[in-house]
Amino acid sequence: MLVSVLNGLAIGSLLFILAVGLSLVFGMMDVLNLAHGALFLGGAYLGATFSGSWGGFLAAFGIAAVGGLVAGALLSLMTAPLRRRSHLDQALLTLGVAFVVAELLIIAFGDDPLSAAAPPALDGSVTVLGAVYPTYRLVLIGVGAVLAVAVYLVVERTRVGALVRATVADREMVAAVGIDNRLVTTAVFAVGSLLATTAGVLGGPIYGARPGLDATVLILALVVVVIGGLGSVRGALVGALIIGQVDTLGRVLLPELASFVLFGALALVLVLRPQGLFGGPASVGAR
Amino acid sequence: MTALRCTGLRRSFGALTAVDGVDLAVEAGARHALIGPNGAGKSTLFKLVTGTMRAHAGRVELAGRDVTRLSEVARCRLGMSQTMQHASLFPSMTAAETVALAVQRHSGERIALLPRRRPAVAERAGELLAEVGLGDRRDVRVPALSHGERKQLEVALALACRPSLLLLDEPAAGMSPAESARLVALLAGLPPEITVLFVEHDLDLVFSLADAVTVLHLGRVLLSGTPDEVRASEEVRQAYLGAGRREELFPT
Amino acid sequence: MTAVDAPAVPGGTPAATPRAPRGRAGLLAVAVVLVLAAVPFFLAPFATTTLTRILVFALFAVSLDLLVGVTGLPSLGHAAYFGAGAYAAGWVSINVTAQAPVPLLVGAAVGAVAAALTGWITVRSAGVFFLMLTLAIGESVQQLANTWDSVTGGANGLTGVPSVRIAGEPLTNAGFVYWYVLAVFLLGFAIVWLVARSPFGAALRGIRDNEPRMRALGYPTALYKYGVFVLAGGVAGIAGSLLAAQARFVALSDLGFLTASFALLAVIIGGAGSLWGACLGAALVILIRDALGPSLDGHGTLVLGVVFVLVVYLLPRGAAGFRLPRRNRS
C-alpha cells in the first residue's frame, strides 16, 4: 500500500516535470504542443544509451537539456507564423514534428525497447517505514519537489514570472500594454521542452524507451494539464500528483482498462469543469 | 395575455451582479423595447431570456409556461427565436442555404438522412429573404454580404423559426438609415401573433417602433412603461447622463 | 469570438456544400469508377494490391472527413474504430465464418458500438479539447487490444485471417479481392456522400460553421454530433473489415496514433470536407508509405511527417480547394 503511494508520488513527480512546460505553453500561447511526448522519448533514448554510470547519466542529462532548449526554441519559431490561424493548425504542425522526431529516433535507435538503469549508488533500495523501496524513485520524488519549488519561485517572484502569469491571464492586454512577448514565449517554450527531454532521462529507469512511448506519455501529460488547468503551475503539480496516483492504482487494479480510467477522468473534467482545478476562465473552449 | 414574464431574474459574474432581481412583463403582440445605458445588463438579461445563459435566481415564463430550466434549444422549439448582436452566421453557406437550415428545422418534418428535393423549404427560404430585402442576394455566400445585409439575414433566420416571441439584440446596430427604416417597417408589419422584444441603443428607432419600453440600469429595472412616460422621466435622463447615483435612482 | 472568421476545420475556411454532380463532374465520376473497375485487367497484381490498400485507407479517410471536414470535429483517435472493426471482422472470419457480408456487418457494428460507447461524452467538447479526448480514446483502445490478447493476439497481431468468401468461394485472386474491396468502398463512399448532401448533412455543416447559432435555431447539436460520430465509427469499421479481408492480418498499429494521424493527414491534404479529396490524400499517403517506403529504407513515415508539416504551412485548402471558387463568387 505504501509502496503504491510512493510509486504514485514518483510518477507524479515525473509527470509534473513533464507537464508544467506543456501547461505553460498552452496557457500562454494556446499552442497544444503534440511533440511534447516525442521530446520525452528523445530524452529517454539518450538516457538508455548512456545508462550505467554517473558520467553517462550526466552526459545524457546535459545533451537532453541542450537538445530540449534548442527544440523548444525551434518549435516556437515554427508555430509563430501560424499564430493567426486556428489553434488547431498549430497543434497539427506540432503533430507533424512529432512524427518526424519519432521516426528519426527509430532510425537512430532501432525498433526494440531499450531499458535504462539508474545511476550507481541510486540503484539500490531503502527501507521506508518497514517497506523496501527503490532509492531512485525516492530521489525522483525529491527532484520533483525541488523543481516544483524552483518553478514556483520563478513564476511567482520574478519579473519574468509575472510576465508569464500576465500572458496566461490576458494575452491581448499584455500586448496592448506594449510588452513584446516573443522573447518570453520562446523562452517558455524552450524551457518547457528542456523539462520534457530531461524528464525522459529521469524517467528512463522507470519507463525505458520504446516506440510508442511518446504517445502514452503525451496523453498522461495532457490529462495532467487539463485537470490542473492550463497555464497554472500549481495546477500542474496537483494534477500530476493526482494522475500519478490514479495511473499507478489503475495499473494495479484494472490493468486492461487503466487507460480508459484516464480517458474517463479527462472527459469528466472537460465536460464538468473545462478550465481545470486552477485554470482561469480565459482558457476555456479553445477552438 | 403575457407573452413573456420574468420574475426576480438574477445573474452574477463573480463579484459583479449583472442582472439583479429583474421583473419584466411583455404583453402578447407588443413591440417592447429594452433600453439602458452601457453596462446596464441588457445583454445578460437577453441571454437569460433566450436560455443561452443560466439564471442564478428567478423565473422565466413563456406564454405562461415555466421555461427557466429549459435549454436554449428547447425554448426555441417552444416558439422563442433570436437574432444576435454580432451577426453570427455560417461562413461556408449562401444566404439561401442559411435560411433553409432554419426553415427545415421548423417545418414540422424530420430532418432526413438522405438527400431529397424540398421545394417547400427552398420556397419559404426565398420568401423570407425577400421579406427582409435580400431577395436578390440569395445565392451570395455569407462572407460576401455587407454588414447591413448580414443583420438582415439574422432577422430572416429568426423569422424562419416561426416564433411566437421574437427577440432582437440591437438589430439596427451598424445599419445605414435606409436599412434601419426598412427594418422598422418590417418589424412594424409583423402580424400580432408575433410578440417582439428588442434591445436597442438607437432611441429614435425605439420610439418609432415600440409601444412599451423597459429601462434597465445597473442590473435593475429603472422604469417600465409607455414610450412617452419613459421619454418624460427625469430618472431615466439622469441614468443616461450619469448624473444619477444608485441610491437616488433606486431608493430603498 | 468572431463568429464569421473562426475556422473550426484544420487548414482554414471550410469547403462549401458539395453540389450535385451536374454535367461534367458527374461524367468524371462515372469515368473514374469505370477505370477503377477495369484495373485488374491492365495492372500487375502488385499494383492491384497497392490500389486495394489505397481503397481501404480511402474509405477510412472518407469516414474521418465526415467528422473533420463536414462536422468540424477534429479526431485523432478515429483509428480506434477502424482497428476495432478490423479485429472484429478478422476474429469472426477465423472463428465463425468468412462468408461475406458477415465480417463486413460485424466490422460495421463493432465500429459503431465502440464509437457509441466513447462518443457520448467526447462530442460535448470542441476544438483542441476534442482532439485531446480522441487521442486518449485511441490510446485506450490500443492498450485494451494489447492486453486482450486472447482475442486480438496482443503484440503479435491477429494472424491467419482467412480469405473472404463470396457464395462459399474464397477470394484468393488479387483481382477478385480488389473487386470486393472496390464494391464495398463504393457503397461506403455513397453512404457518406449521400448523408453529407442530405438535410442532416447541411445541419452538420451548420454545426461546423457555428454551433452556438445552430443551438439558437433549435438544433440539439450534441445529438447530431453524436449521431455522426457513431455513423463515422461504423463506416470506419467497414473499412476495417476490408483491411482484414485484404491484408488477412491485423496489427496493433492499425488502431494507433500513427494510423489515425495519417488519416487526418489524408483528409487535410485533400481538402477537408470534400470527401473525394480525402480519397486522393489517402492515395498519396499509401503510395508514399508503401511504394516509396521500401526505397527509403522503410522510412516512408518520415517523409509523411515532413509532408504533414509542409501541408499545414502551405495548403490551407488542400488540392480540392482550388476548384471551388468558380461557382461561389457572386
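Think of it as A, B and C in the order they're written, each chain with its own count starting at 1.
To be clear about the criterion, a contact is a pair of C-beta atoms (placed from the backbone, for glycine too) under 8 Å apart; a residue touches a chain by one contact, two chains touch by 3 or more.
Small disclaimer: the values here were computed from a predicted structure and weren't measured.
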Inset, instruction - Compare the CA centroid of chain A with every other chain's and tell me the farthest one. - result: B
Inset, instruction - Using mean Cα positions, find the chain sitting nearest the overall protein centre. - result: C
Inset, instruction - For chain A and chain C, let me know how many angstrom lie between their CA-based centres, rounded off. - result: 31
Inset, instruction - Averaging only over C-alpha atoms, locate the centres of chain A and chain B and give their separation in whole Å. - result: 47
Inset, instruction - Could you grab the centroid distance between chain B and chain C? Build each centroid from C-alpha atoms only and quote it in angstrom. - result: 42
Inset, instruction - Send over the residues of chain C in touch with two or more other chains. - result: 7
Legend entry - Sites on chain A touched by chain C in the complex: 30, 32, 78, 81-82, 85-89, 91-93, 95-100, 102-104, 107, 212, 215-216, 218-219, 222-223, 226, 255-260, 262-263, 266-268, 270-271, 274, 285-287
Inset, instruction - Quick one: which bits of chain C touch chain B in the complex? Just the residue numbers, please. - result: 2-5, 7, 13-17, 194-195, 197-203, 205-206, 208-210, 212-221, 328-330
Inset, instruction - Going by the contact rule at the top, pick out the chain B residues touching chain C in the complex. - result: 50, 52, 71-73, 76-77, 81-82, 84, 86-94, 97, 100-102, 104-106, 111-116, 118, 139-144, 150, 157, 161
Legend entry - Contact set on chain C toward chain A in their complex: 1, 6-12, 74, 76, 118, 121-122, 124-129, 131-133, 135-137, 139-140, 143-144, 147-148, 256-258, 261, 264, 268, 299, 301-302, 304-306, 308-309, 311-313, 316
